[in-house]
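Structures for review follow.
First chain A sits with chain B, and in the next complex the same chain sits with chain C.
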Partner chain A sequence: MTEHIHVAPAPVGGRLLTPVTFTCGVLILAALAILAVRFVLGLGAVTHLNDGYPWGIWVVADVVIGSAFACGGFSIAMLVYIFNKGEYHPLVRPALLASLFGYTLAGVGVIFDLGRWWNFWHILSPAYASPNSVMFEVALCISLYIVVMWIEFSPTFMEKWGMRDARRKLNKVMFFFIALGTVLPMMHQSSLGSLLIVFGTQIHPLWQTMLLPLIFLLSAITIGYAVVLFESCLAAAGYRRSIEMHLLTPLAKIMLGVLAVFMIVRFGDLLWRGALGHAFAANLQAFMFWLETACFLSPFVLLRSEVQRRNPARLFIGGALLMLGGVLLRINAFLVGYDTGTGWSYFPSVPELLVTFGMFAIEVLGYIVITRRFPVLPREDAPPTATPAALRAATR
Partner chain B sequence: MLSAPAALSTDGRPQRPIESRLEMSRRSFLQFCATLATTLGLPKGAEAAMAQAMEAAQRPSVIWLHFQECTGCTESMLRAEHPTLEKLILDVISLDYHETLFAAAGHQVEAARKAAMERHKGKYLLVVEGAIPTRDGGIYCKVGNQTAIELTRECAKDAAAVIAIGSCASWGGMPATDPNPTGAVGVGKILDKPVVTIPGCPPNPYNFLATVVHFLTFGSLPPVDAQGRPLFAYSRLVHENCERRAHYDAGRFALAFGDDGHRKGYCLYKLGCKGPETYANCPTVLFGDAGAGTWPVGCGHPCIGCTEEGVGFSKPIHMLAKVKNVEPPALYPAIHEPQGQGATLGSAAVLAAVAGAAAGAGAMFARNLGKQHAAADTAAKPAQREDA
Partner chain C sequence: MNGRREFLRRALAGGAAVAGTTACPSAHARGNAEIPPEAIGLLFDSTLCIGCKACVAACKAANDLPLDYNSPVDALWDMPLDTTARTYNVIKAWQSGTGTQRNQQIDGYAFMKSSCLHCIDPSCVSACPVSAMTKDPATGIVQYDADACIGCRYCVAACPFGIPKYDYDSPTGKIGKCELCRHLLPEGKYAACAEVCPTGATLFGKVSALKAEAHRRLALQEGAPTIWPRGNLDTADQPAWEGPAPRYVQHVYGEKEVGGTQMLKLAAVPFEQLGHKPLPERSFSSQSETLQHTLYGGLVLPLAVLGVMSWVARRNVKHDDETDARGAQDAHAGEKRHD
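Our next item is the complex of A and B:
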């Protein structure tokens, strides 16, 4: 890896109880109360799920979208460690933290949706393994990746608690976990698309294609960059720090590049399959398709030139719209474009929605608590590109 | 242990080929053997062994007793056609005593029975048709001044095997229905040796025949269940192989005789069909040799459970059966699943409110970022000018 000298990360500090964390706490408590009811009385007591729609918002939002939002760590790690773009290293830890929460909650969220949740440990038991199943691949990859990510992120805690020996030992084998941390998300993010291939003709032709694994993987990578833009802007504003524009501006360009590849694959596939005609029908599916496409195309307009990419407002909106495009792609493919026969319908119930909001609130609260108390974000008072002397001063 | 019957041809004349004796072609005879082997669920090659056993003219002596019954079992046997069973009974087995089929009567017949029992001691087959009354010393059914109990015990003493044909002989059947005035019981209750039962009202003739031919071929009776029923015929519920099963699984039921579902051939479970609690091979071997679909359920009448003690003649025909194999537990989905409701006012409102709040917050946040950026830009530009 190219040697880059960066500011060492440091805790942000400050009060933990703020209006934001309080709101998050309330949302989390509401979600926990609903989950208690769900675990005792079953899915039917809380959700609007039915036999036609066994997967609702908990699977699509908490797991599929949640894990895609959590691709920031993977996307940045790939950029830094595979493509050797060391200058982005300061973004790794914050992105990894967001990923950590996203994935851990996605893994936990699966349990909420299991009808017989007390059997959830079967996922991890080789005796119950069914190696030919897509679902098995997803479950195993995600659980492994969660463990790998906690290991990748553990230096943060080791620094805080002064475990220097452990930190040094871990550093020697870290390359292995970083490699795993890049391969595993590639496997399961694409498999989340393969899940839909198994549904066959129940998925609308605008979304049903053998290229779904590639489409889901590419969109997850772009969403990863979008999340970093979004989260950096928010964190900077929330903690009244300066935005790392020198990193985000080129990152936005990379994001647009991956997004362009994604759009070529997406529309090339639609044309090649002759499915684009469905986009001009007068129905909900076509409308949602264009909404999704508009969200994916908007960053090209908003961030078309270097000048625009220097504007944090545009980076924020572009990132947010791209994330929304990813959300719509997943909701469209899993719910809007899913037709299992006449008569079946699904719309999340209020308790279902509250649990999902609670899940996102846990992520926000966790991010705030950890960045305020643990060394994640770069130290603010040092200049962005520090000299070795300044670095020594900062870490003293 | 049961032993194979010895060659029992007694008339001394050279035997004609069996197909000529049975008045059927060689091909039909072999087909018959194959059918029986299949009914028994025997492996390939068994049909050849059966053909050989029947050709060898080992005609086992059969003594057939009638007690409290309607002779329906005999009647149904006589109407089997592959080959006609009376040919088979008269030619493959040596039917030495059968009250319905004998031309002789009275002491003559009783003497023939005693002579056959003496001659084939330990080798003859005893077939009992009808229930045996036990109340008041069994006086309610007598033949030749002997009660049914005495006759059965006398004949069973030296029999190689005892077969109870029909539900009456198997456990009491119709005569044993409450209040059971004669104290009717099955053959097994008054004998202390194993009895193979072929329940049914009447039973399928081929189940009986396959059992006899099994004995003829292998020298032993086929494996049986706890009620003495041969497993090859009575190990599966009627429900398991029923032609209407798909309707049951899909929740399509006839609700009244002649209603729309009944005309369309829907499941008869709700009309009281006892298929789900009755063990018999009716759906696979059908009945009466009249072609496809000819068995009670196939004709549109619910199974009455005639092969099952405690079901047939005990439970009313209209009563719902107790589903033995796949009784749906509470956790199974109901037949009519709720198909989901669309968006409720509350959930749509919550989602819209949150989406609106997020969009508003995002817009305000972006506006502030833009303002800061513009301010920083204008601050940077004069500085650049000064530098220049």
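Our next item is the complex of A and C:
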């Protein structure tokens, strides 16, 4: 890792108790109280889960969507270390931090949803291994990736606590963890899509396809970039820092590129399977499909030219809409497009929603506390980053 | 060096690796699973069912299951409308028009049994991440082990027949589903629902024998007198009876559906009306597993991608180290271009 040569990251500093952190705290307490009830009385006491919809928003929002939102670290790391776009280096740490939280929480969130959670360790024990199961692979990847991310992020703590020796040693093998940190989330995000294949005809044809893994993976990568745009704008506004426009503007272009590939795969698959006709039916599924598609298409309009990509408000909204598209794709595939037969319905209960809000609140609170106290964001008064690629571009 | 071309080259290499990990041709395709030769199962003949629900009560008793009220207000009747974690078997009534003609489509009524079909290639087994749902290699019974189960409910969501159910009202809820009374087999007994059935509508036996019996019935002339076995088809432990043949729908449900099931069904009313949707012959688990094995078989593809990624990452981390040292003082040059 080479942070020491780029603009050194530094703690933002400032108060920890603000209206935002206070609100997060309240939401987290509410979620904890509801979870206490859930563990004493069972899932039925706080959720609207039923045998027609055994998976609700705790699975879809907290785990499937939560981990997709946590793809910023992976998407940026790919850009910097695999595609050698070194100029994006200052974005690595903040993105990795958000990913670390997102994935760790997704991993913990699974436990809240497990009906027999005390057996959780079975999934990592060879005695119970079930290699044919997609869920088995999802669980292995998520667990390994969380460990890998903590290792990738550990230099931040080592810097704070002055563990120079350990850091130097770790740097020597960091490339391997970086590589693992791209392969594991690729496997994990694609497998979140594969989870649905065994559901067969219970999933609406607008979403059921053998290309689900590719569709989920590509959308997760674009969401990764969208999250970085979204977070950078938010962090800049919240901490009154200048926005890293020189990074975000070209990043938005890369995001649109991956998004274009995603759209081609998505619609190519629908056409090839002859499933696009279902999009013109007069039902909820078709409506939600178009809503999802509109969200995915909106960044192409909002950020169509270089001028527009220099506008922070547009970057923020474009990123947010793309994230919403990703949310809708996942909700549609797992819930709206899922039909086990007549008579079943599901809409999350208020306590169920509060737990999900609490989970996202933990993420926001953690991000604030760590960026204020640990060296994550680039130092504000330092000169901006120079990298080989940027220099090459400038001298051309 | 031309940065853009370099980027494109890497993008293509990386893109190929990504596409490779997710959408490879099905090199490890697997077809539907084969049925174990000694597999046992049930034959349910809707035309013989009189809706007495003796099997529902017998199932409760045999499996030591608690009462299941469908209304907390009127907690008097153990009459769940569907199978639950506490009820493994229900008989559902269907009717049309005036509902007076037994086994007729128009103005008719009929009964249908709902319990695990013991798929030959079960989705629930393929889904389960901890081998809590397994298929017995000899009997073919799809069995559940609560001590292994983590309660993820993937099996509940995956089963194409909506059979496994979870108990949401308990902090230690288990999955509940018919296990073909496997605990009775060592005692020399068999499925309680079949044993108790007064008409032979639910018949126990080897799947091969049940299948032959089903086809014998489909070939019968409507109204022709025939023999109806009861209880256990293999041992003929209960006396058979004689009666006229109904007009069957020419379809053995479960013979082909999702790769076949060990519970076969006959009816005089189209199965779709009895809550049995048409299903493809290719099992969903074989599709899912083909995909998984293609991507992760022997971990070949993930390791290859990891190798490529490590190599590239190693080069780039080093590359960064060399160039960054001299890059620092030219910082502003880089910045101008991006502003």
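The criterion applied here is as follows: the second predicted complex is superposed on the first by the 379 of 396 C-alpha atoms of A that agree within 3 Å, B and C clash if a C-alpha of one lies under 4 Å from a C-alpha of the other, contacts with A are read in each partner's own complex, and residues count from 1 in each chain.
Everything below uses one rule, namely that contacts are C-beta pairs under 8 Å (C-beta built on N, C-alpha and C of every residue); 3 or more make two chains touch, one makes a residue touch a chain.
Note that the coordinates shown come from a computational prediction; the quantities given were computed from them, not determined experimentally.
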{"item": "Fit-or-clash call for chain B and chain C when the two complexes are aligned on chain A", "value": "clash"}
{"item": "Contacts of A:Leu27 with chain B and chain C, given as first, second, both or neither", "value": "neither"}
{"item": "First (chain B), second (chain C), both or neither touched by A:Pro312", "value": "first"}
{"item": "Partner chain in contact with A:Gly52 - chain B first, chain C second, else both or neither", "value": "both"}
{"item": "Touched partner set for A:Leu43, first chain B, second chain C, both or neither", "value": "second"}
{"item": "First (chain B), second (chain C), both or neither touched by A:Leu96", "value": "neither"}
{"item": "Per-residue contact with chain A, leading partner among chain C and chain B", "value": "C"}
{"item": "Touched partner set for A:Tyr346, first chain B, second chain C, both or neither", "value": "first"}
{"item": "Chain B versus chain C as contact partner of A:Leu303, first or second or both or neither", "value": "neither"}
{"item": "First (chain B), second (chain C), both or neither touched by A:Met187", "value": "second"}
{"item": "First (chain B), second (chain C), both or neither touched by A:Pro213", "value": "second"}
{"item": "Residues of chain A contacting chain B in one complex and chain C in the other", "value": "49-52, 343"}
{"item": "Interfacial residue positions of chain C with respect to chain A in the complex", "value": "1, 3, 6-7, 10-11, 14-15, 18-19, 21-23, 82, 84, 123, 126-132, 146-154, 156-158, 160, 162, 165-174, 258, 275, 277, 279-280, 284-285, 287-289, 291-292, 295-296, 302, 305-306, 309-310, 312-314, 316-317, 319-321, 323-325, 327-328, 330-339"}
{"item": "Complex contacts: residues of chain A adjacent to chain B", "value": "48-53, 233-234, 237, 243, 310-314, 316-317, 320, 343-350, 352-354, 357"}
{"item": "Touching residues on chain B, where the partner in the complex is chain A", "value": "333, 337-344, 346-348, 350-351, 354, 362, 365-370, 372-373"}
{"item": "In the complex, chain A residues that touch chain C", "value": "1-2, 5-6, 39-45, 47, 49-52, 54-55, 78, 80-87, 89, 113-117, 119-120, 122-123, 128-130, 132-139, 174-176, 178-180, 182-183, 186-187, 190, 194-195, 197-202, 210-211, 213-214, 217, 245-247, 249-250, 261, 338, 340-341, 343, 383-396"}
